[in-house]
Amino acid sequence: MIRVGVAGASGYMGAELVRLLVRHPHVELTDVTSERLAGEPLAKVYPHLRGLTSLTLQGLDAERLAAEAQVVFLALPHMESQRAVPVLRRRGAKVIDLSADYRLHDPNDYTVWYQTSHDDQGNLAEAVYGLPELHRKSLAGASLVASTGCYAAGAILAMAPLFKNGLARLEGVVVDGKSGVTGAGAQGRNVDPMYLFTEANENIQAYGLATHRHTAEMEQELGALAGAPLRVQFTPHLVPLNRGLFTTASVPLAASMSTGEVLDVYREFYAGEPFVRVLDEGQRPTTRSVVGSNYCDLTVVVDRRTNRAVCVSAIDNLGKGGSANGVQNLNIVCGFSEHAGLEAPPVYP
Amino acid sequence: MIRVGVAGASGYMGAELVRLLVRHPHVELTDVTSERLAGEPLAKVYPHLRGLTSLTLQGLDAERLAAEAQVVFLALPHMESQRAVPVLRRRGAKVIDLSADYRLHDPNDYTVWYQTSHDDQGNLAEAVYGLPELHRKSLAGASLVASTGCYAAGAILAMAPLFKNGLARLEGVVVDGKSGVTGAGAQGRNVDPMYLFTEANENIQAYGLATHRHTAEMEQELGALAGAPLRVQFTPHLVPLNRGLFTTASVPLAASMSTGEVLDVYREFYAGEPFVRVLDEGQRPTTRSVVGSNYCDLTVVVDRRTNRAVCVSAIDNLGKGGSANGVQNLNIVCGFSEHAGLEAPPVYP
Amino acid sequence: MIRVGVAGASGYMGAELVRLLVRHPHVELTDVTSERLAGEPLAKVYPHLRGLTSLTLQGLDAERLAAEAQVVFLALPHMESQRAVPVLRRRGAKVIDLSADYRLHDPNDYTVWYQTSHDDQGNLAEAVYGLPELHRKSLAGASLVASTGCYAAGAILAMAPLFKNGLARLEGVVVDGKSGVTGAGAQGRNVDPMYLFTEANENIQAYGLATHRHTAEMEQELGALAGAPLRVQFTPHLVPLNRGLFTTASVPLAASMSTGEVLDVYREFYAGEPFVRVLDEGQRPTTRSVVGSNYCDLTVVVDRRTNRAVCVSAIDNLGKGGSANGVQNLNIVCGFSEHAGLEAPPVYP
Amino acid sequence: MIRVGVAGASGYMGAELVRLLVRHPHVELTDVTSERLAGEPLAKVYPHLRGLTSLTLQGLDAERLAAEAQVVFLALPHMESQRAVPVLRRRGAKVIDLSADYRLHDPNDYTVWYQTSHDDQGNLAEAVYGLPELHRKSLAGASLVASTGCYAAGAILAMAPLFKNGLARLEGVVVDGKSGVTGAGAQGRNVDPMYLFTEANENIQAYGLATHRHTAEMEQELGALAGAPLRVQFTPHLVPLNRGLFTTASVPLAASMSTGEVLDVYREFYAGEPFVRVLDEGQRPTTRSVVGSNYCDLTVVVDRRTNRAVCVSAIDNLGKGGSANGVQNLNIVCGFSEHAGLEAPPVYP
């Protein structure tokens, strides 16, 4: 058993971490924080947890967290993680950060996309990008994990085999993401009118046109796989459901290939992955099939008329796009079975 | 480990049973049936189960089921359970029936509400009504369990302490149930136009006015608690969500009481129950807080102007209103921990 | 053409008034107000109105409103209408108030339910309760109309024929209301977390247990029809849809009657009503069928086992439960066709 | 007044036509057909129309339709329109066809995309593509209109100004469409399990990968504007709402331009259009703002990093994507005001 803390437990990402960790066979949850709700019992704030935890939310104090926990999850807004990480690491705690603060290796990229300088470049240099399917070996020895962004997870997993195998052209990649409302910006229980039921329900809209920050993660990770820089034209959308993130990526192929040939490449790339399910030709992923879980369901179809691969993936934005993926990172960092705490099948329908 | 079979695994009740049983620590799932989809791999029919089971759906053959399983769940339409149960029991299998066939002790009630005679009155006499909160002791030794109907579960749990303690008048009980679409009649993947997305979405409607069959279960169980026959005026409603069943029961009180006094009675009645959470005064149950779980959240408020108790409960119609409650019954029948297979917290939001 | 103003145009009730009034054949909309958004073009705040109005929201100034409009709609929170009405009436403007301030004839009732004293009892005495189906004649000569509350509209229309004809017992009436999120308290663009998409979606809950203020309207109007005071035990619910309010009322009958006999009474009571549709035996109202319109669809079924009438009605909470009903009141006050501005059929599905 | 008929009135497209036409100031609706429901009163099949029409559904008989109507709408599956059109035209009726049968000018394209030969090439040669924003002049004199497909309408309107003005490159166009369930294949009241509430709700999925037939319309119309053939890589998606179609088109620019410059081109292109609303920089279209109407809201943002224009549009798939657009075509063909029958503002929220 290891002692684990969650900073930012009152947001949806944090609440999902708690939901998974209270049943994790190797974890004792010892400390949960919320600036806004410090002093409140967690089970009062999140009534689904009634009877499942007796923890009370505390203020965010990195010293205390490091004393009470061996591993600390940070489910904080970006910029706030940068303040906690130096303290936590100095005190010997390992960190799994669900914010964006340590995802971009180049501090200049951080400045470009987050419009502020990075204040903890020393730790940034040691952070491992927390997508197990790409960085399992590095994660095994990591003490600072930058868990992937939700749109980035869906997009990178959808396209990685193409770039890793040199099958894609580097120009003309277009990615369209659709997210449920728990993920697309409604951080915690933020109350922007856009996220009111009456406004989000029966509605579709694009947002962050040409500016969404997860674009930088896609370019970093796919570029590394390709061995050359590339650009992604990415558009996120808000759709009326709670959980679910669907990615449609249109990738120009370097040469003519059949759908079956591309699928073979995918199956080989993801062979043995515990949480990626490559669908057979003719089957289609749906977000419904992964809700509540860490699975990513995906497939590819070649559009021969345009010689593009249409890569589609479905994840739960709080699952493989967030907290469950963070727990998988924890399992790798700590040497647990990757399934530990993630055994529950998706909830369907 | 016991060997368990599920007849009717292609409906939502059956699929939820499979979802719970594939992770149950003491269960080996050995046989799943579907008349409609015999021959199909279960993981193809229900893609959330991809990678979690290699079972193939088979035709319904009670002899084979009894040979392959020590306990058989029946998630069949009513009338069909009656045909399977005699064979299963003769062959020594225990049965947990999720249909309505063995719930009403008096065969005349069956005739009145289901408009056909009961063909297996011998076994009917031995069936135990499968609501652990009322019949735990009888269930422990049962070999035929009639798991409760979804509306009945929500309504009985909401009102049981009142009738058990003689606090309610027997006349004038009015119950209003609201169910998500997985429960209110969309058995399996039935395709009545009423259940189309376009028809059910953004819509509320009542159905089964004055005729819904779960009324009889409420009257049987509450009457037994009260020690006298009573009538319930029950109206079910279809509301646009997948999972969730909310019950509002208006019960005339026998004497004047405060909300706090009634709540004390509830807390005592449900003390130690693993899956009933009595909320404190001022808190309100929501279906959202129990989705995917076996919990029933409930509370009571006294309307002093009318001297009625307003009893409200929230369950997942596939959870405490169906499959999860069935698994709790299994655990009691087999002497397992009642939490076995039901550990996963509700999925929220 | 008459000049009309809308105070409180930035809430959903106000926005719906504007939507109806910009196309009303006899209305020129001259003044729209919002404290919060004064100075903003209405078409920017409500993008569905782009190109349909060039009005700009102004601060709430009753003097100016009275100068610019012959009839003023008030879509304000209660207590605020009381401040505007005396000024408006003194200046000669007629008022159609969508708030609760002038609905309860007895100022003591106001104090009981709204927990504050009524500051404009002089005008209160002259207000007409704005439900055309009950008060058409009084409305024709009214200069102050207190348009009905949403739950009250649904409940009163569902039960009025029973009480008017002495068919109901006065004790034991239980009413259950289910409302979409535009109506059940999300006034304007209020941002209570309960109304976030993530919280309201896939959720059902009761609220205002034993305390909802529309109860008083039901008792006032039904008691007047019955000629004797009565009590209603009312429970409102929030369900996940934008528009729609469904009422299920359980009314003990004074004598035994068949469903057909009761329906005959309803058909006679509502004969000639332009916006009430009494459904035939076997048909069921749905909120879906009235969205965007002023219709109330309703029917009754007798539960012979309990000798109760189950009265069900469906309205759009912003339609017959709010703004459209207000426009019908306007039409009656001004002597227009009652259909004026309300011709558009419901939007389905 | 002209006499109008609707063939296929029991599907959602047909029902929406009826909803608009029963209030159209210059139309008398004389004949409505449904093979499946012939003999049923329309107001029974579509309860929102209770009290608004006394028509009864009849079988599909083109001779009778031509006798009873001067203009006939066809809301039929493809292939069926081809059988009715020759009869209707021979008898002198004008036709507005909402099916795909007469949209593709080149019969070979029909064969490629619909995998069957076109049986009425004579009339095909005379059909006008029914998108008023591109073909208003030709429509004015047309007697056979092929009203545009829903995804095609959204995509063509989103991109037309770019291609018309030579601002786009012809290769690398990627279009992503998201449709509510009334449009994406749930023709009429079809009962494919994919369209069940329980399956479509809380779900996102792509379908028709690389094969959706509306692609051909986009290529035909945009190619004509560009003066050269082009290819579109199009992916449609099903999202959980009733009405609404959102298009995100990523178009490589021929030269570097600013968002403001491109928007100027759009504003000029759509100047005077009654139903296209070009949003200002910083504003975003939402489907919510056009529900129930014929509006198309759209805007463009230039992604300078990739030199692509991100073109986004929002329509109601039954509105500008279907029936309302068909009524606009009717108005042009008959010389009515284009707003006739389409005056009702969008219903929001």
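Should a chain be cited, it is by its letter among A, B, C and D, assigned in written order, with residues numbered from 1 in that chain.
Quick note on the criterion: a contact is a pair of C-beta atoms (placed from the backbone, for glycine too) under 8 Å apart; a residue touches a chain by one contact, two chains touch by 3 or more.
In this text the structure is predicted, and so the values were computed from the model without any measurement.
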| item | value |
| --- | --- |
| From subunit A, the most remote chain by mean C-alpha position | C |
| Of B-D and A-D, pair with higher C-beta contact tally | A-D |
| Subunit A-subunit D separation of Cα centroids, rounded to whole Å | 38 |
| Chain centre separation (subunit B, subunit D; CA means) in Å | 46 |
| Multi-partner residues of subunit C (at least 2 other chains) | 12, 182, 198-199, 201-202, 240-243, 286, 288, 291, 349 |
| Interfacial residue positions of subunit D with respect to subunit C in the complex | 12, 15, 19, 22-23, 46-52, 182, 202, 242-243, 277, 283, 286, 288-293, 295, 297, 343-349 |
| In the complex, subunit D residues that touch subunit A | 172, 174, 176, 178, 180, 198-199, 201-207, 209-210, 231-233, 235, 237, 239-244, 246, 248, 250, 252, 284-288, 291, 301-306, 308, 310, 312, 314, 349 |
| Touching residues on subunit C, where the partner in the complex is subunit A | 12, 181-182, 186, 189, 191-193, 195-202, 240-242 |
